[in-house]
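Both complexes below contain chain A, partnered by chain B and then by chain C.
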Partner chain A sequence: MRPSGISRFPLVRSALLVVVVWCAASFIYAPIFSVLRFAFAPGGDIGLGAIGELAGSRRVRTAIVNTFVVTGLSIITVNVIGIFQVAVLEYLKVGGRGFLRFAYSTPLIFVSVAAATGYGFVYGQNGTLTKLLQSVWPALPNDWFTGTLAVVFAHTFLLTSFHFLFLRAAIRRVDYSTVEAARGLGASSMEAFVRVVLPVLLPTIFATTLLVTYKSLGSFAIPSVLGGRRFDMVTELILTLNSLRRPDMAAMLSIGLGLAVILCIAAMQYVERRGSYVGGSKTPVPIERIRIASPVVNLAVHAAAYAIAVIQLVPIALVVLFSFAPARSIATEVLPSSFTLQNYVTVFSQSTAFVPLKNSLLMGASATMAGLMISLFVVNLAHRHTNVGTTSLDLSFMAPWILPVPFIAIGLILTYDEPNLLVANRVLLGGFWILPIGYAVVSIPIMMRFLRAAFFSLDPALNEAAQSLGAPAFYRFLRVTVPLVLPVMILITGMTLNVILSEYSMSAFLFNVNNKPLSIALFEGARSANPEQAAINLVYISLIMAFSLGIITLADRYGLGGGK
Partner chain B sequence: MTRNHLLAGAMTLLSLLGTSAATAEPLVIYSPQGDERAVWIAERADAAGHDVTILTSGGGELFDRILAERANPQADVVLGLIDAAMATLKAEGLFQPYVPNWAEGLPEVYRDDTDRMVYKFWQTPVVIAYNSDMLAEEDAPTSWLELVEDRYAGKYVIGPTIWQTTKTYLIGMLLRFADESGEISDEGWDFMQSLYDNAIVVDSADAKTAAFVNKEAVIDLNWFGGVGRLADDVGYRAVMVDTEGGTPFIAEGIAIMEGTDQLDDAKAFVDWFGSAEFMSAYAARFGQVPVHPDAIAAAPDTVKRNATLLRPQPIDWDVVAPRVDGWIQRIELDIK
Partner chain C sequence: MIELDEVSVRYGSHEAVRPMNLKIETGEFFTLLGPSGCGKTTILRAIAGFVPVASGRITIDGRDVTEIPAERRGVGMVFQNYALFPHMTVAENVAFGLKVARKSGKEISLAVNAVLEATGIERHGRKKPAELSGGQQQRVAIARSLVMGTRVLLFDEPLSNLDAKVREDMRHEIKRLQRDVGFTSVFVTHDQEEALSMSDRLLVINAGRAEQSGTARELYHSPATPFVCQFVGAANEIGRNLAQALGLDTARRHFVRPEHVALAREGDPHGVDATVADVDYLGSMTRVFLEALGEPLQCQVLSDPSVDQLAAGMSVKVNLSCERILSFDGPS
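What follows is the complex of A and B.
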């Protein structure tokens, strides 16, 4: 294939290539190098002192134990809830399926720090649900929702999104004739599910379990907001070590977290590869939902299904409801008695309330733009010319996918807390741009995955047809390639912006007075006893959810979200 | 919307580039003085003929920011950071020597005779106060070391160590277990563990206030001005204790940054700021106790009384400063 598009302009292409290589060197390799240097040779001499000091710290040890305990428990609880949800939606005949599907899909829009502050709002000291529970059980202390219990509870109902997306898709591929056969041989619907359906789902369950493990190991916003006194997880400790001016220990701990995550991903890829060998029949009979024979079991399943839906919906409903309530009714009323738009007016008119939203939009937009341009360039290049250079460029930008966010954040801090020749001898730490750079670095791998898929599905015949009609290369790129990839580009722009709006981990490390983002404002608001601040928080959360809902609906329509 | 953001982005970029252009700029002052105070200082400075911009932020944040900007300092003058922070910045080589014209007559502890860089202008004790509606005088602690006793379990609050106040009283207590070289004995660390185990440990000001509102906490470890503020917010009567072994005092200092390009303006500002005239005016306005005898003499009577209310604990901040990070790390990582 002849080079086309921008590649016809060698000067432009070379300039872009230089910029992209510089980006990789400055914002991926230099930070990784800094982390390794500070972890293993903080003062210039190679040593493992940081490991000893980490092991000697009681708080670090507790945080590691907490992280493993939370992750272990979350794996069990998320799987129980997630598999049950999928069975209710796709295997059993349960009334009100549309409602349940809506409730079970909420973890897709209620994420990260927004979800954590939402849970804090309803289950916290003066929360509506705490008050309701206390009316049934007066002995319940105000601060009951804290520590391992709170974090695992939040994980349980917020991390089921992978089951909702992937396990539902997998169960639809189950050959119903095998279920019928098992039932014909006398198995109950429960036995058929455990003996016939589950084994087929097992590779997918394993993959979602690893995703849950990965999320739980790196959980940050949820334990920060809900963990309470004297409860830390590893990510929080990395931030603490950094603020205690122990970059060596912070770097070493982030390497430890990185190793755990890489191990997780390696296992996931191994299973993915094996998973392709598990096939159904060539002409599968579509799965049909089964009526539960026993009325007692049927009742229990319905009760559990609706209980889970209520648990997932009520916090969201309360957040949205109270965002329209006067600030004074927060923490004083169980349900608001009057409604107003005042909180929304405040967020959009009062500068202190609007600034974090503006910052996040501005940083999100610039990070997304930059990320998109880099991804487009790298994917396009790797798609046209497969050689060592393009492959390594491609892999370089994919690297942040396997590194936990605190690792990259610590790397950026250690690289740019003093003048660095890579950025014209400037200090980036403390400035506006370091955070959008961090956002872009972690967004690029996902953008590249989607773009790559889009490029591979391009029909080369279209380009050749345009060429035979005499269209010049740049014209072809604009009129043929771009329109075909454009829907994907628009969608990943929206999805990335959506993630960045409630991004907490990178933000917590790199924000400063010049660029305080929405997620940090949410976090600080969650700690404030001021009802005005709580009201502003609820508006923020509602706006984030509305934005997410829009993006996901759009993605679903274009078939990218995988929800249907 | 997007175009506006692009525009905003471009403008931010332009303004970033613009900062490197040298123009006749106002003197940039970094100070942790809160909004109202900073505005008042700026107005007074302006009236006295000083063209200043004051950037305010939390003390801990500002300190981190100055350290982070060390290669490319944005400030000309730093004022209002407390002893340990100023000593650390000095040790990092960020200040330059200047003896203000009000140094004469200043008590020795507030001067910097060896390095001639950091001069203190006002002081605040960090005190033990108690809610006298809930606790009788004879039941109140008379010394910082009594806090670990069982009768005070869960009755006092320890705030985050990033707070200057928290840092100060922790250092004050640890120093009682220090040998001549500044090393803390094992007994001291055991004491610190008991202090934390016996306390309500919080991570935000609101959580601290909540502990007093819920009537769990009745003993407030706070800076002088903060005691009254908390008592007013919560609604109780606070009584301060003149403790055995003394009360740690923190003093706020002023210094000129090494990298300033407006040395003469900076010197003139420092001379004006620490003058008895401005200090006593500030004392009259905000009730802050100055350290210069001339300023105290010109201050209102309540301020004069507060100046001698409590006995100070002697602390050599130049000895303490290089050790603080290590102590706080040990507290954060092993004790908390």
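What follows is the complex of A and C.
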């Protein structure tokens, strides 16, 4: 009834459909199949031998224990910090709220390997903060910041972004009259928070907790950079097993990780569906911030609020400052004494420094474009015709959403490390394109979620109005539909590019000499003792943060703030 | 002239519109009236070409448009929420159809200015739709179709998003535009007062079936079915006891409008005994809820001092003149 623009050219549409189905078969189904095959039937015979070998390896057991310990501790610490931050920003009257909000929002732009490298820079061997701490406490060893401590510490201050986004939104929907009622019945502001506000927030807290669990279980960049050489978590171990030529064990372990992740997502969906307590009252009163009566408590809250802000801001500030400092000052000075643009000039002029940036931009742009085209095609098709075919196509491309990155990466490696008919009998592993393919596969589900929301929020009457004014299908698509979803398309392009620029997990599995991306350059730079290399790293991190900041500001302005 | 000849519409196995015949004259203000879910929007969308008909033919000015896609029917539609393009200014919205038709820039700006002026929104041409009030948005929606030279406009409950005062104004506004420009209007509403006050003729629809068409007066005074009788204006269904007392055929259904129930004093020799159950004072009118022979009966009379004395529990007599009783075949 509402023919799309493309449907008037059945040949073009059929050709596109064939390409999209081929993408799904080659880059989603084939890798999943490879993982299952190597895990359960490595030599051709079906068996569970890989599980026994995994269980028998001390290194594997330690990594699993580490992963659970880190995740358990992170859940507690992230919630403590995250809930406290939200209370400070939205429930309590605390001075300097604008500054605090800025500080608490930094985990949105300081992510993944960039953040890990940044923490390593300030807390590591020659880090400014390590030097500062040693001046107070000379017995502190140079490498104090490693292992579980370092990883949990970094998680604690880097994974609060979910609280900042979702819990803050939830507390704003709390009906303030319930707080007033509680206080009228004799509850103090703290009691009211604990007894009235928190229970209402509980579903959201649970959902953010699951997101933290999900992130922490799959954490890769942070333990790799900060954990030290003898500290493994599961994802890192999967990579190691793969490079030790034990694809069966790597595949099995990635299945285990996948099950844990699926469990998390299922629980999250359950919580989402159960819904939250919104609106007993028809006219909810917006939440108001409460002045803390006790001066002692007030002082303590202010002190804690600012301490957290400082912890979150200082690494970023030092990274940006030193990116403008002469390279030689990095290992020697606590704060830079002179400034220069030399490091930036180096990154953009010296080919070894520029190549990773160029690679990441090129791979990011091609993955984003391909992902956007596929998402647009699939979402548009499923929006227009709901049937078994379109629904399964839609679900196929959503599948990577519930699969952890190592699972897909191992799948791509096992499928394309030898000539494969699906890609004209070529070997993709070791080539340039395997990594952007991986980026695209994991980006598509997020793009599809946003695009689908945009398509469903389009008023069908607009299309019909245009039609009754005489506009043919393709004209309507170009002049009515596209302009209305364009802002979403531009934003998801930016957001995806942003994620890919500092993407570490997929990169670590699939990169090679032909396509070394920014994140891997950062990781390698963090391990080198050369101050020139450190300076280049700081420029990379600053550029990544600047890009993220731009994208997030845009997204915020257009009301699209952070999808999950 | 718009003609529907045995037109029916299906959604899957559900027949939303039963085979229906309808003639709408050129320049007429025609209303489809019926309860929500009865198929009014579906009929409108069939005329506009947004839903295919399951059977029958639709002709507009003698041209069979049954198989013609919506964009080539030359029928304008004013949607419930107006469906203005949010990314275009008012003038761009109005120019949209002309641009599609590849008119020259000069022609477009002349036509757009003329229609903006005719609809009284010339001052808002550069604004975006979101900056306009509901009433102004409606004018843009109408202007957008009129500029195309469209002489048939379909309105799908365009007033239901407005508050009472603006609604009243917009009714007159639509009527004025229709008189001035002379387009044919097919108007959908579930509000009988709106329908009665605006229409030249109306069609009452119930559960996908055409019940009766005619002028407001015809429908009110000579309803063809019990449904029309009750949906257009208020009506009492006369209960069995009362019907027997009045000597009516109890195999049929009988109705009487509240204003045709006459009250008399208790001692009056004519009429049926009744008790006042409740009294609603409505200003110029008073509504009296009665119980006659154990059956409820509503009566509406002009307020006057004798009526003011009525109170719950009082005994009165009621008179129903036979020629005011509306009778229909079928079991009571």
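As a convention for this text, the second predicted complex is superposed on the first by the 556 of 564 C-alpha atoms of A that agree within 3 Å, B and C clash if a C-alpha of one lies under 4 Å from a C-alpha of the other, contacts with A are read in each partner's own complex, and residues count from 1 in each chain.
In this text, a residue touches a chain if its C-beta (ideal position, glycine included) is under 8 Å from a C-beta of that chain, and two chains touch if they have at least 3 such contacts.
Just so it is clear, the model here is predicted, and its values are computed rather than measured.
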item: Combined model on chain A: chain C and chain B, fit or clash; value: fit
item: First, second, both or neither for A:Arg172, with chain B first and chain C second; value: neither
item: Which superposed partner A:His385 touches (first chain B, second chain C, both, neither); value: neither
item: Chain B versus chain C as contact partner of A:Arg291, first or second or both or neither; value: neither
item: Which of chain B and chain C A:Arg527 touches, first, second, both or neither; value: first
item: Degrees between the directions from chain A toward chain B and toward chain C, using C-alpha centres, nearest 10; value: 150
item: Residue contacts with chain A in the superposition, chain B compared against chain C; value: B
item: Chain B versus chain C as contact partner of A:Leu362, first or second or both or neither; value: first
item: Contacts of A:Ala471 with chain B and chain C, given as first, second, both or neither; value: second
item: First (chain B), second (chain C), both or neither touched by A:Arg246; value: first
item: Minimum C-alpha spacing, chains overlaid - chain B and chain C, in Å; value: 26
item: Residues on chain A lying within both footprints (that of chain B and that of chain C); value: none
item: Touching residues on chain C, where the partner in the complex is chain A; value: 48-52, 69-77, 79-81, 83-87, 96-97, 100-101, 141, 144-145, 148
item: List of chain B residues in touch with chain A within their complex; value: 2, 5-6, 8-9, 12, 16, 57, 61, 64-65, 68-72, 162, 201-204, 206-207, 209-210, 325, 328-329, 332-336
item: Contact footprint of chain B on chain A as seen in their complex; value: 56-60, 125, 229-230, 240-241, 243-246, 361-362, 365-366, 417-419, 426-427, 429-433, 512-513, 527-530
item: Complex contact set, residues of chain A against chain C; value: 1, 459, 461-462, 464-472, 475, 479-480, 483-484
